[in-house]
Structures are given as C-alpha cells and as structure tokens.
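Once you've had a glance at the structure underneath, I'll fire off some questions.
All chains are identified by letter, namely A, B, C and D, in their written order; residue positions are counted from 1 within each chain.
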C-alpha cells in the first residue's frame, strides 16, 4: 500500500510539473514555434511507442504492423474531419469525395462551435482507434498463432497490404487515392496533445497494472507456464494486439493532426522501425522509458541536432563532415551501440518511480 | 497470351534475382533462426559499390571488387552485430538486425547525399538488348535465371559434398549439438553470411543492370520479397527459396499484366500471410516442434 | 471406494514412429497421492503433458471429475503409421488447450522450473489467480474490480504464509534459492485453485533434508486444500513415503501398479530400474 | 549499477542536447549556410528562409533549386529596404522530402526569424509546411510545387510556377493539336500525388478535346517498363504521357527505345533534367517535356551561373557533377529576386509587410514575367516545350505552349 501511495504522489507531482511546463510553453511561445511543434510530435510518438511497447515489451509479441494501424487512424481522422466546404478542393480528383459530412461540424451543430468541434475531433480520433482495433481483431485471428519472427514479418506484410488499399484509386472517393488529405483541424496548443496522449498513456498504465496486464507479462516471461496456469493464450494475445492497435490508431490520427497532411506513402515500414528503435532506446517493457526516448529522439532529430546536417555543430565548423545525412548516421550509430551494449536501454523494464525507490532502498540498506 | 508473354519473361528474370537474395535469408535463418533484415541493404550496398567501381576502373577489376566488398560487409555485420548477441533472446537479435539495416541505409544516405546514384557504365554484353519471341529485352533477363540455377546447383553441391557444407547442415539441424560435436560454429555462421552476401552481390549486379540508378532504399522491397520467397518455399530449404522466388516473381508480373498493379506488392504479402497460416513450414520446409 | 477424479483411458502418444506413451491406463481417486515413476525417458512427462492438454494424445481419452475432457484418434498420416492399440475405438476429437484444462481444476508444476522471471514472488502467485478472475478487461483497467482484486491479494498473501514464502514476497522469483523456487511453483499452482495437483519431479535437485521437508509439505497441502496429488518423482524415499499408490512406466508402457510395498517387491520394476535399460 | 550508469548517460545526453540546442537557438546565424560572401560586413541582415529537400527522394531536385537561390544571392547579396542596405542571408533548412518532416522544418525556419520563405520542391511537403507558415503569418513563395492544393487553402503561399491544372491541359493540347494524336496512354506511379494529379488533368483535357486516354499505374520500385510500352503500342496510343520522377523517366525511355515505340514520350517538368536527356542518346525515341525555363533563354544568366557552378565544387556536386542549368535552378533564381522585390516593396523586413506587398509584385525574371492572381498563383499561360536531342543528349527548344 505504501508503495502505491508513493507512486501516486510521484505521478501526481510529475503530472502537475509537466502540465505546468506545457501551459507555460504554450503561453510563452507562438503556436508555430519549433519547440511546440517538437513537443507535439514527441507526444504523439510517445503514445505510439507506448502502444507498441504494450505489445512487444509487455506481451512479448513481436509485431511490426504499427505503421499500418497508424495509417488507419490517420485516414479516419482526416476523412471525418475535413470541413465540408473544403472537400471539393481536397478531393479535387474525386468530385469532392464520397463523404459529405465532417464530424466537428456535425457536433458543432448541437454543442456549439468550440466545444462541438473539439468533441468532433476527439470522436474522429476514437473512430480511427476503433477501426484499427477492428482490423487488429480481423487479422489477429490467423496471424497471432505465428511464432515470433513469423509474426513480425506477417504484420509487416499486412501493413504493406493496407497501404496498397489506401492508394487504390477505386477507393479514392474516400481515401483520396495517392493524393494528400489536408485542411482538417488541429489543436493549436501543445498542452492539448499532452493531455490527450497523457490520458491515453495513463489508460495503458492502468491496464498494465491490472490483472490483465499481469497476465500479459506472464505470457511474455513464459508462454508455456502462462498457459499451464490457466491463461488463455489466444484470447490474451488477441486482446493485447487489439488494445495496442487501438492506441496506435489514435496515435496515427494525432500524427495526422500534427502533420497537417496525410499521404499513405509516408506510412512505410521505416516508420515502424523508427518507433521500434525508440522503444528499444527507452527499454523494452518500460512505459516511462518509451516516453523519455520519444522525447529525446524527436527533440534531437527534429531540432537540436540539425546542426549536424548543416556544417556547424557545437561551434565546430566542418562542412565536409557535417553534411546532409550526418545527423541520421550519428543517430543510427548511437542506436546500434544501445542495441549491442546497453540492451536494456535507458530504463530496462523499470519505471521512473522504481528508480527513485531503488535509490531510497539503497540508502536504507546499510542500517538494515 | 501474347499480351502476357513479356510479363512472363520478366517474371522469370525478377524471380531469379529474388532467388539469389532469398538464399541469403534462408541460409541464415536455417542456422541462426534470424531474419537478417539487413540483407536487403547489403544488396543495395553491392549496387552502390558497383556504380562507383565500374565508373572508376575496368570491368574485370570492378566486378570482383564488388564481390569482395559485399562479402566483407556481410561478414562484418555478422561479427559486429549478431555474434555478441548469440545468447540473447531472439527478439534482441532481430532488433539488432533492424538496427543494422537502419544504419546501413543512413550511412549510404550520408555518402550519397540521398541522391540515387546513376548506373553510368552498365556491365557490357548482358545489358545489350536482344529480341525474344517478338519482345525485346535485355540479355540479362535471360542470363539471370540461367546463372541463378547454375549458382544454386554449385551451392547445393558444396553443401552436400564438402566438410563446411556438412558442418552447415549439422548446425542448421541442431545448433547446440553441432557445437558440442566440435564444429566451429562461428566459422560456419560466418561462412553462411559470406555465401549469402556473395549471392546477393551477384543478384545486385544483375538487378541493377536493369535499372538506371541505385537509391538507398532500393534494397528494401526486393529484400522483403526475397524473404517472402524464402518463407514461401520453406525457410531453411535452398530449393524451396529458389522455387518460391520464381513463383513470386512470376505471380507479381502476371498480376501487373492483368492490370492490378496496385496490388502486385500487396499480393506478395497476402501470399505470405496465407502461407504462414495454412502451411507455416512452406513448400519444402521441415516441421519443428517445440519442447516443453 | 471413493470417487475417481482422473481417469486416463487407453492413451497412446506417438511422435512420428516413436511411441512415447503406449496404452496408458490409470485412475486416481479423490484425495489420493499417486506417483508415476519409471526410468528416464519412460514417458512420464509426456503423460503429464497429455493429461494437461499440452500434447494431444494420438489415441485414447482422459476423464476428469467424471467428464471426458480429452479424446483423440489417429488422423491423417498417423492413420497408417499408428502402432498402438485400441485403434478405431475413439471417434471424437476433444482437444482443450492447457489453460482450459487448468480452469477445469488441474494445475501443474514443471520438471525444469518455469517461473515468470521478471515478476516478484507475490506477483507470480497473483498471476495464477488470473484464471479465476471474473472481471473483464474494462472493469479491470478502470479499477471497478477493487473488491475482487483485494480478495485475490489477501488470498495470495495467505497462501504465501502457508507455504512459508511470505517474507520474500517482494523478491524477484528467480532470486530465490532453488528449494524455495520449487515451493513457489507449487504455491503458484495452488493459486489456480485446483482439485488435482500435478507435480513433475518436485524434489529434483534437492538434498535429503529438503526432500524430507518437501514430503511433509506435500502431505500438508493435500490435507489443507483437500487436494488430489499426482506426481512424477525419482526420489524413492519421497515416493514411498507419501504415495498411496504408484504406477510404473517403462518405455511408455505401464509395467506395474500398486501400493508402495507391492511396487518395492515387484520384479519387473526392479529389472526396469537395475537392468540393462537403466541408462537408455 | 548499470542502471545508474544508464541514467547518467541519458542525463548527459539530455544536457548536451539542451546545451547545443540553446546554442543553435540563440546563434541561428551560426547554422546558416550563406551563399557566398556578403558585401560589407556591418550591414543589418535580412533573412530569407529556404524550405527545400536536400535529402530523400526529392533531394536532388531540391538541391538544384537551392543552387539557383545561392547563385542569385551571390549575384545580389544585398537589398535596399526603406533606404537601408541589408545583407541577405539564406537560411536553408532540409525538409527531407516527406510531409511528416515538414512542420518541424518549417517551424525551425520560423525560429530563425525569416522574413519570407522560398520553396519547396515537391507539393506534399509544401502543403505540410504551409500550415506552419500560415500560423506564423510568414509569406512563402513556392518555386516549382505545381499542385493547386498548395496555394488554394493557404493564404500565405504564393507560387511562381505554373500549376498542374495548366500543365496537364497544356500537354494535352500539345499532344492533340501539336502532334495530332487521338489516343494517349498515361503512366503514373502509385502513391505519388504529383503523378496522379497531372494524369488527372491531362486526361480530363485530352478527353475534352475528343481524344481517348488509357491509364496505367506502376508500383514504386518498378524496373521494367517493357510490358507497359507494349500495352501502349497495342492500344494504338500515339503518345505516352508519364509525369514521373527522373529515375522512372529514364527507364521508360530505355524501354520505349528497346521496343521501338513509334509515338512520342511526353514528360512533365520533372523530366527536364540533363540525365533524362542524356539517356536518349542513340535511341530512336522522341521525348518531349514541358518546363519552366529553356536554357539559352537568357544568355547572361546562363553564362554567369555556369561560371559560378564551375568555380564552386560543392555547387557542381549538387548539380549532379555538370554545369547544365535545370529549369528548377532558374526558377530558384527567380524566386530569390521575387522575394527581394517584395522586401523592397514592403519597405520593411517584417513578414507581415512582405505578405501584404507580395500580391502586387511584378517582376520580369529569366523564366518570364511573374505576377500573382488572387489565389497567389503565378499568372502563367505558357510553358516551354523541349525535345531531347538523341545525338547530343541535350534539350532542343520546340515551342511555347499554351492552353487552347
């Protein structure tokens, strides 16, 4: 009980600090400031990384279908929220598209403009998540019976199939085929992103610490023992898969929100790899690790390390070395070092509060 | 039918290229149970090296150099990224493989500036145009399947009739026992990567003879498809990989011929999922039971 | 005569051309402690795996608490390869997964300890309670199942105290000494609330003193939890001390069964153990 | 212990990142690549943002576009704004071609306090950046992004090139009226909004003229186009319209040459690349493209930029190792001067003033007169048609094409 209280206090303090910081940042900086853009993107990646961690780290299912589920979420969000009067422009090759309504406008009709559009946007995200979950349920039936690496390659393949469908011109009136979806609404403040993603991550945390989460971990640690102890493998794996995909779908919708445009072509396997590597950097099986790693990764790749690509870094001028691509090269070397020598990543399978407790316990130890 | 003929010819050629890559996957998987995600990128690097080498030196020096560098690369990858993880969980090794793939792509990106490198001096003779049954194509289209089958025959002979081949078969059958029986497992694994990379280099030379430039992501798709071919044929089985590769190459082209281009890639993956679910061991694979 | 809890009926398990269990028949009554012994490779663990649903028998059936829970007959390629007896007597296929068998009231331990490595002692036991959870994933996530969760936790605490592991409950399972890990595995099995407990070599790797403690422990939990125990064991002291009946397996076949005294004087058993086949 | 070490490592990493982040933030000029030496050192500085891909699929095109701007900056490093002479500084940020990297790259430019933005090559990433520019109220001048969506839903985006709804029909009428073809075969890559968009407008216009169009798509990574060419031949198409990237353009030319395709190959602005022209050498093909600029159109610009490229090793590398002037380079050059005009007209380096001044700009660049309509698109009613010379591997001017 004491441990739980400690965790709660810690989480509450952390939450207040983060929220305070983000509100302060929002107030101090204009919405187009890079810090806000980067916080938004990092928040989205944190959510997606945590959802992948739920599957790969906590349930031990090595799935590489993340980009596919994000694609579903992104498109659902875009398709459902583009304002009606902008549809003709967006679906320029498909006569304004097949869908003639926009959720934020529908809700604005009876909830008022500002509340209605927020509810509409959230509803669109939710639909995206649910669609991703539905798809996960469908493909989970056959695919989850496969063993580790076969599962990985099958889910990777599935994501590619999905991408092909979304580029298919026959579905153009809905998906806009190979063309961009754009002009849909976005939350201007980083705080909105943090609250939304934070709430979803909190849900995942609650799940992981529930009896179902414990069952997932049992499956990860030893499938045979888990099954022998009465845990229905098929059911629980599917559950983890569906839940993870739901959050990936919502995350995809949020990524679309952040990007301002959606194209199926960007949801390639590279995106899945990137998220997987974030999870690895943070530590497979650590929620806080994934979050920290997302922020580190996005902050440095999108902002702080740009100098590595443009000739000057940390005051050192070396245009011959610091040229385009150097940033990513340095990055991938760091990732390989982590993969090979710090296999547990930043956090291992520990969470932030665990680390604090570890320290306090160490202090107590001599007196014992 | 006449309409489909060029697609079929093309399919056989593409299949041959996939086959050469697929063998690398299947050999490594057979022994290490590892999907070597970096294999497609090794293939790409071979292409890049070919572009640079052929424009800098005569053909008779350049081509062997491509083979040597690619083989060295494959060998190094195994030593640096996979060997230290021999006892680690399978997931770690797979992540390492993905990391290597990411690394190679980014390094290639750095060196090429992310710009596809044009193939300025294609390999003579095989890049010439010939006409076949009324359709015109490059000679490489015909050379590829023939060369593939020749190389595979040589490889099968080596595996069945040399000490190293025997060691490889033993390691594939039972890794730990093979180790206990005094087989130098590390040299066997290195050999596997050497052979795989060698074939990938050959495949790369053939592939990029048909293609005007080498981009940093050129390896990804052929790599993935070759892997599917390996699974389809029954991973671990060399004839399986070859047959699977030809089937996939043909199917893909025929689908294009029928006008469903959108789904030619998707079909490959759908085939993969169906095969994995219906017959996970593929066409020629052996059944593996897990011990409790 | 008390009621039969487990009945293995004409079970044959054939892998390819190898018959691992050949026409096994046994019955265990409620409340009994029954041992399954035999030389290495006799098919004991395979028999356990069949009973718990890990393997599907090639032919035969398993009854649990008066209900047929497992049944199979040779199919496909096996039809022509089948070497066992009673072919054609079974026509149905009943193949529950191991988790289902566990939920029916059977729990087991493993020959090579299979604890959940990254979990604490407490969580290892708590997770085994999961199969008895009635709340769904939503109510569990939103903490609407507080009552059930609290009851389970209290129950686990009690169980750990019973088996003497309460003082190490926050340690990682794998950090325990070997003997305690064995004990923990038993506690974990108990948490699944079984009627029948299957122990696969519970005393393997233990010294005589630990074995003695374990012997007492098994008897103790049988009484306390009203269990039936079915165990595989090589330590003859343990087997002879606590079993009421013993089945002896050799090369997949039952070569003897009876009380400890009967088994000790059975010539075939002595041959099987001392004979040339000893190390085969 | 390892854990503590890992945490320390993370901490160190974070700190060092924060440190250098602060560094780059405060000394934005340190990051900038300035195009050549700027005149007198003591002048105040006005910054022009360059939002271009330097990496990714469009990296090559983006670099060529930047070259034009850098050369323009070299030619004209200062500008008089409201009576003061400012040094112009180019702030180049790589948007990595893809839409998902657009917003942060655009935000990075805003961070560097630019007065106006030039770019990008590629419409998708331009759209993605557009919303950030709009939030910041900084005007952007699209150089060669031809998709109507870039400007249609973005108040701050202008563009100096023609758009797809012009280019498609221009090519269609060239094919129908100029070449006298009634059946056309189109080929586009799946997943490419550029390809698909142009095909759409081409098809619409060509069918309106009375022709028939057969359309086909190919997946990314296709290497062999023989079968597509055969299909075009057998369907009796007199022209193959393939608005694809240069890589595929070369493959299509290759396949058409090998199959002895008798009609014309029509390309869009992406085909205007010396590699494409060179790939026609010795082949019996007729390759025609629409483009923004024809080399030789302005003698002094041509010779000047060639000299500059030849004297600058980096520039030469970025131009693909030769001194052929691409249309995108010329467009980049024009974009730079358009921006200078806007700054002069605004009389201030303030972005909002520039935004106000832009719609009324009129500038005669090397690629023709630049004026904007109410959407912000250039008023362009003509494109240059060029034909590849199969002997020299260069482009020959054919005609100026409009839409009828």
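By our rule, a residue touches a chain if its C-beta (ideal position, glycine included) is under 8 Å from a C-beta of that chain, and two chains touch if they have at least 3 such contacts.
A quick note: this is a predicted structure, and the numbers were derived from the prediction, not measured.
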{"item": "Least hop count linking subunit B to subunit D through chains in contact", "value": "1"}
{"item": "Farthest chain (mean CA position) relative to subunit C", "value": "D"}
{"item": "Higher-contact pair (C-beta pairs counted), A-B versus A-D", "value": "A-D"}
{"item": "Distance between chain centroids, defined by C-alpha means - subunit A, subunit D (Å)", "value": "33"}
{"item": "Centre-to-centre distance between subunit D and subunit C (centres being mean Cα positions), rounded to whole Å", "value": "72"}
{"item": "Distance between chain centroids, defined by C-alpha means - subunit B, subunit C (Å)", "value": "47"}
{"item": "Per-residue multi-chain contacts in subunit A, two or more chains", "value": "164, 167, 169, 224, 324-325"}
{"item": "Contacts with two or more other chains, residues of subunit C listed in rising order", "value": "54"}
{"item": "For subunit D, residues that touch 2 or more chains besides their own", "value": "54-55, 59, 190, 217, 220"}
{"item": "Subunit B-facing residues of subunit A, complex", "value": "56, 60, 62, 139, 142-143, 145-146, 148-150, 152-154, 156-158, 160-161, 164-165, 167-169, 224, 269, 273, 276-277, 280, 284, 323-326, 328-329, 331-333, 335-336, 339-340, 343"}
{"item": "Partner subunit A, residues of subunit D touching it in the complex", "value": "2-3, 6-7, 9-10, 13-14, 17-21, 23-24, 30-33, 54-55, 59, 92-94, 98-104, 106-108, 110-111, 123-124, 127-128, 130-133, 135-136, 148-149, 152-153, 190-193, 195-197, 200, 217, 220, 314"}
{"item": "Subunit B residues within the subunit D interface of the complex", "value": "3, 6-7, 10, 13-14, 109, 113-116, 118, 129, 135-138, 207, 210-213, 215, 218, 221-222, 253, 256-257, 259, 261-262, 264-265"}
{"item": "Subunit D residues within the subunit B interface of the complex", "value": "54-57, 59-60, 63, 190, 216-221, 223-224, 226-227, 230-231, 234, 247, 250-251, 254, 258-260, 275, 279, 317, 320"}
{"item": "Residues on subunit C engaged by subunit A in the complex (per definition of touch)", "value": "52, 54, 97-100, 102-103, 107-108, 110, 114-119, 123, 126-133, 135, 137, 140-143, 145, 149, 152, 188-189, 191-192"}
